[in-house]
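Multiple structures follow.
In the two complexes below, subunit A is the common chain; its partner is subunit B in one and subunit C in the other.
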Partner chain A sequence: MTVESGAAVPRRNSRRGTAFRDAGPPVALVVIFSVFAVLSPQFRSIDNVQNIVDAAAVLAVVTCGITFVLMMGSIDLSAAGVMGASALTVSLLVANNRNDNDFGLVGIAAAVVLGCAFGCLSGLALVLLKVPSFMATLGVSAIGLGVATLMFAGVQPNISDAMLKSWAIERFLGLSYLTWIAAACILLGWLVQRYTRLGRYAFAIGGAEEVLTLSGVKVKPYKVAVFTLAGAFYGLGGVMVTSQLGAGLVQAGNGYDFSAITAAVVGGTLLTGGRGGILHSAVGVVLVMVLTNGLVQVGVSPYWQGGVEGLIVVAAVAAAVIPQRRRNQVVK
Partner chain B sequence: MSVPAEREPTTSAPVPALEVRGLVKHYPGVKALDGVDLVVRQHEVLGLAGENGAGKSTLLKALVGLVTPDAGEIYVRGEAVKLRSVVDAANHGIGMVFQEQSLVPNLTAAENILLGSEGAAVRRGVYRWDVMRRLAQEQLDKIGSKIDPLARTDTLSFADRQMVEIAKVLRIEQRSQHPPVIILDEPTSVLESKEIETLFAQIRRLREFASVVFVSHRLDEVLDVCDRVTVLRSGQSVGEVATAGAVPRELHRMMIGSTGSDDHYHENAAGPVEAEQPRLSIRGLSGSSFRDIDLDVAAGEIVAIVGVHGSGREDVCRALFGIEPTTAGEIRMDGKKISLPNTRAACAAGIGYVPAERKTEGMVGPMSVAENMTLTKQKARCAGPFVAPKKQAGLVDRWIDRLSIRTPSRDTPIQRLSGGNQQKVVLARWLIGGDIRLLLLDHPTRGLDIGARSEVYRLMRELAANGVATVLLADSLEEAIGMADRILVMNDGRVVTEVACPNGGKPSPLDLVKEMV
Partner chain C sequence: MSTPVAMQPVAEPATGRNGPRPAKRLTGFMPLIALVALVAALTVADPDFLTPRSLTAVARTAAPLIVLAAGATLIVLCGGIDLSIAALASLSTVLLALWLPNLGGMATPVVIAVAAAIGAVQGLAHVLLRIPSFIVTLGGMSILSAVALVVSGAGTVRVVDDSPVKWLELYVGGYVPMSAAMALLVVALIAAVVKATPLHSWISATGYSESAARLAGTPVDLVKIGAFCVSGACAGFAAVMLVSRQFSGGPTMADNLLLPAVAAIVVGGTAITGGHGSLWRSLAGALVVTLLRVGLPIVGVPSAYEQILYGVIIVVAVALTLDWSKVSIIK
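And now, the complex of A and B:
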């Protein structure tokens, strides 16, 4: 999204500000948490801290997916649609009030695979049809919502599958199963990012795609794979929302697309790619949840939250690009 | 591995590592390569010299499979090959260190070295960092570099990154059974002199097990490190020199060739220069890549700034248009001190800028000739806040006529015009306001054919005759000498000398080149 104008002279201090950017989000998290803890006794209660972490679970999983896409310098707006389709799929495949299916784990797996398929579709549209990821994923989101609406067919499927319902209710070490699933996803994402060619190439594509091409690497399959991986995370996110609601809703993923991008960016992942990562995003997720929860605890009306979230993302991006600003830089 | 490698007969001359015969490459309007011949012997360092536009970079691209030649042959160890991609070239043992450093900045040095040929370091898509570290270390050991393989590339110095690139390019040894051919394209342009020394030591080591093609603007370097030099001019090989005992002067002469004799530059149209007070006067101007620049340009005068890549002349030009920030110095227009914090201020001061990259910076391709021409001086076509169509039509048609711009109509998208006519529209943009005092021309004839060049030159003369001051960054030395009344030579961010260049008393290109390198 940023185009360098003219022949930029190579600069030796290209790392200027990186340390600041990497340390920024965790420091901000500590500061914001402390401020709320001082202002509000309810905020600092153990119960509320559990609330914050549990409420972050779905967002964390969705953000894991979107982080890989952002690392490549692409963008993904398909989360809401993919989650809707996956929510309906899982609620119709596990024990429910609409049909006699009772596939249990297989149903859950099917919903995740559907997410993969949608992600793959976005990736293919990007590399084969050369549709910019912004439009491709927006389109795929609409397709996902369409598929979900068809499956919904006017009657809400309420789930009765005991295992899926237990995810949102049962606790282990004080945290819900969903939270542990999210933690597992973050660990998995981190392993992929650090130890697999897919993860490293996603990072490299965001850094300097031409160099990969000049080194004889075929980047297209990796791009498709990254979108597919992201789709899997959204699919799982849709399943998790269904577990929380006890029913499959078309709007299961409503708002998660924007919140996930916010969390990733607040955590220090650059929209231009090549910087950040899963752990950054995890910090970003907690930061966003602490802010939303904290604002409510200190008495700010929930009606303000949408606007506040928007402000945060713009401010975070502005802070992240300060070290690289140049005169006559073209930003699109 | 099991097949024994063929032994060269020791008596006859060994087969060249790489040979090019009659390579031709056309681009629209330009013949970049016009039958180039090149021989790279085994275990030698071959220098490749030539002016900008002599065809060096096209030739190199053809050697690594980035450009498909229209005609001609490439032989690797005597065998004709077709190189279709970088991987193809690597499989034949040819690798290149690109001019703009081509490493992924946010990966480790080890990953960059092994990029695309990770081998045992990646098993089923999973990284084995210890193996990767070891393999990268092996590459770095070959060139005796002490870099930590797991350091992030963007934390390394330029010189270290260059070592990483060389280590990376040496990976092609894994793909081919033969000694590789390593091409270094302008490797010294971003290095300090100490770093250059290290690089040269490296190149001499490479010669032990590889052949090297070394490209540089700096002839003293070419003579220093190479065994032999091939000189290119206008897409042809014009000479070959063994460097032992050679002097830069010989090479200069070959690079420049004989100059055209007719009045290509309309030199007789050059008028006298009024010099009571300079139109533009800068003193001590400094910026990120230039220092202490003093420059005077009188009304009606054309001053050319010459210098090699990295001399800082482009940045001086951009600073005068408020693009590049300056840190110190004073700029006066007609005696009045001005500051140029942005391009708007420059326009308001009567300064016009024709950028080198016409297609991306000079014009808006899909927009019409009329729109492009009136882009800057909006007032000239408007009545109040609105565009006045009749006023615009009259204005644009008048300038199309005056500059004899060949276009079907003023509403034709500018991208459909020929390069020369596009450039005239870009120039007209600054003229329609009638308030132009200083023109900055950054390679105004780049990519134009001879006829179009000549017309741009005529136009420059006409403007000078009307009292416009001009700063010219010429495409070639010949152009600078032909057009300018005075020439400033820049080297390493400073003005090293100033040469008067009056009609009838022109300096020779050799005098200038001496100062440039």
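And now, the complex of A and C:
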């Protein structure tokens, strides 16, 4: 009941706005894709489309995680640090040139669990210490990078594990295994969001946390759980980057935190929480990848990629805020 | 960030003036206590620490950090945050290195003015578009880094003739490095201007309760834009210091100063929720952070722990200084 009213009431008030917002990102995707397809012959080749989808895999997994956090109205800047730590963990636990470990899948699971632990840490800092999430996750990101640097210890671990390496190389139905893993993550994320209490409450916390608290729901455990879930996705993202690079790097997650926020926001997940979802974010991920790939194809320097993402985020957030700018006077 | 919604009527006014709690009184002195304790601990660990040579080295290392933190403190006092200071400083080092051959001595003021303008643009975006400050500056960080990469060609820009910025490497009275003296001067100047004008109460009012300040006729928007502008100028000046030390500009040169700067502000005891704090606190915070950074190798801890330390410091210091009475829902 609470969940229903928490999510449905604002939607009823602005049904037309929501319909527009839901249709916007896919329409933008089609338009941008068409524009690049007209401008560049290489862009519209089948190979390049495969490239785009394959390149989107890691970002999709990271964005799955961050979407749950954004739905709650919090933010997560810890992806880079968590991915670095999990990349180093997995590369030191599977067959590699630094030690004699060869744990295979167990090593991968350990890296994901490490991601969970970092996410849990962010959640606990938010809930118990009341540190705003952007500060808590900024701190956790630094801790993750520090842990990764400690494990790196000056020598780059190159992985020789056949299975992990094959994830990035082997293809099934024309797409790399990593892409299928990402698709599975999106499906899993959607199921969690749609059918579990965790997903429904994440929405409700973002929509109207005080209503939820007043109706007797203990929101704190759910907040921690959402950050933990997000951490698991970042951990897996770190493993996937390691598979792509064939080595564990501290900088494995560089830029993914911001790209993931960009993708989620562009897809229609509001930073104020309570709107959007995994499928929105999936569209956002493809949109960001099409844009970065297309810009390079038409001859824009790849160094501009971050700048373009920055502009998109600011523009998308500004566009989402315009309808309610009179209502919330205080913006920190 | 989020509009605070009071679930229960808050009985106690959120000014924190009348009768501070013991914990708050303690956190008020926290930076000074930490500073003294650190100096004492480092002197015990290494008796050579308290020599003029190592102290000047610490002061020179701390100078850019002090300036960066001082500027950003104004924004935090208004209740916002500036995550773009480090990226802006990096971009400014590149611009300074590129412009020094042509503009000579004029390059320094021009770069500081450009940085201030960039800061003001971010402030305008924050105020006019009503975007949360951390999103504006997160986007700004990304954009400024991209600009720095493109302008510099993703490489270090060497400074052949550094005479126009060499004055920062001089020593005042033989001991005090000029850069540290200038950093102190910047802090003193901003603090004095804030103190002597209505700005002090405007900034606190904006930080403590923005909607009340607005209703009382405080020019909240102008105060915020001004804070961003000063923060940008400080980032530009920090860049001048970096260039004078390293004889070059680089697109990522100052990027690793973001966490120390944020840590310096919160360690100093400036509340991230706004209103409570001061520039002098950030000065002490910056010295604490620098001493930790310099001290770790002295005690024999690998520098990889530095990052972990920053992370822990930020989370703990924010938790200690947070004004709990003001926010009932933390996002």
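A few notes on this one:
Heads up, the rule we're going with is that the second predicted complex is superposed on the first by the 314 of 332 C-alpha atoms of A that agree within 3 Å, B and C clash if a C-alpha of one lies under 4 Å from a C-alpha of the other, contacts with A are read in each partner's own complex, and residues count from 1 in each chain.
The rule is simple: contacts are C-beta pairs under 8 Å (C-beta built on N, C-alpha and C of every residue); 3 or more make two chains touch, one makes a residue touch a chain.
These figures come from a predicted structure and were not determined experimentally.
Looking at the shared chain after the overlay, A:132 reaches subunit C, while subunit B stays out of its contact range. Shared-chain residue A:174: touches no atom of subunit B or subunit C. In the overlay built on the shared chain, the residue A:140 is in contact with subunit C alone; subunit B does not reach it.
Judged by the touch definition given at the top, the superposed model places A:41 against neither subunit B nor subunit C. When the shared chain is aligned, subunit B comes close enough to touch A:217, but subunit C does not. Set against each other, subunit B and subunit C differ in how many residues of subunit A they touch, and the higher count belongs to C.
In the superposition on chain A, A:200 makes contact with subunit B only, not with subunit C.
Judged by the touch definition given at the top, the superposed model places A:149 against subunit C, while subunit B stays out of reach.
When both complexes are aligned on chain A by C-alpha atoms, subunit A residues 210, 213-214, 328 touch subunit B in the first and subunit C in the second. Listed in rising order, the residues of subunit B touching subunit A in the complex are 85-87, 90, 98, 101-107, 111, 115-118, 122, 125-127, 129, 154-155, 157-158, 168, 190, 288-289, 314-315, 318, 323-325, 342-343, 355, 357, 361.
Those residues of subunit A that touch subunit B in the shared complex are 5-7, 9-10, 12, 14-15, 194-198, 200, 203-204, 206-208, 210-217, 274-275, 327-328. Residues 72-75, 77, 81, 125-126, 129-136, 138-147, 149-150, 209-210, 213-214, 258, 261, 271-273, 301, 303-311, 313-314, 317-318, 321, 325, 328-332 of subunit A touch subunit C in their complex.
Listed in rising order, the residues of subunit C touching subunit A in the complex are 1-5, 7, 79-81, 125-126, 129-136, 138-143, 145-147, 149-150, 154, 210-211, 214, 259, 262, 266, 272, 274, 302, 304-316, 318-319, 322, 324, 327-331.
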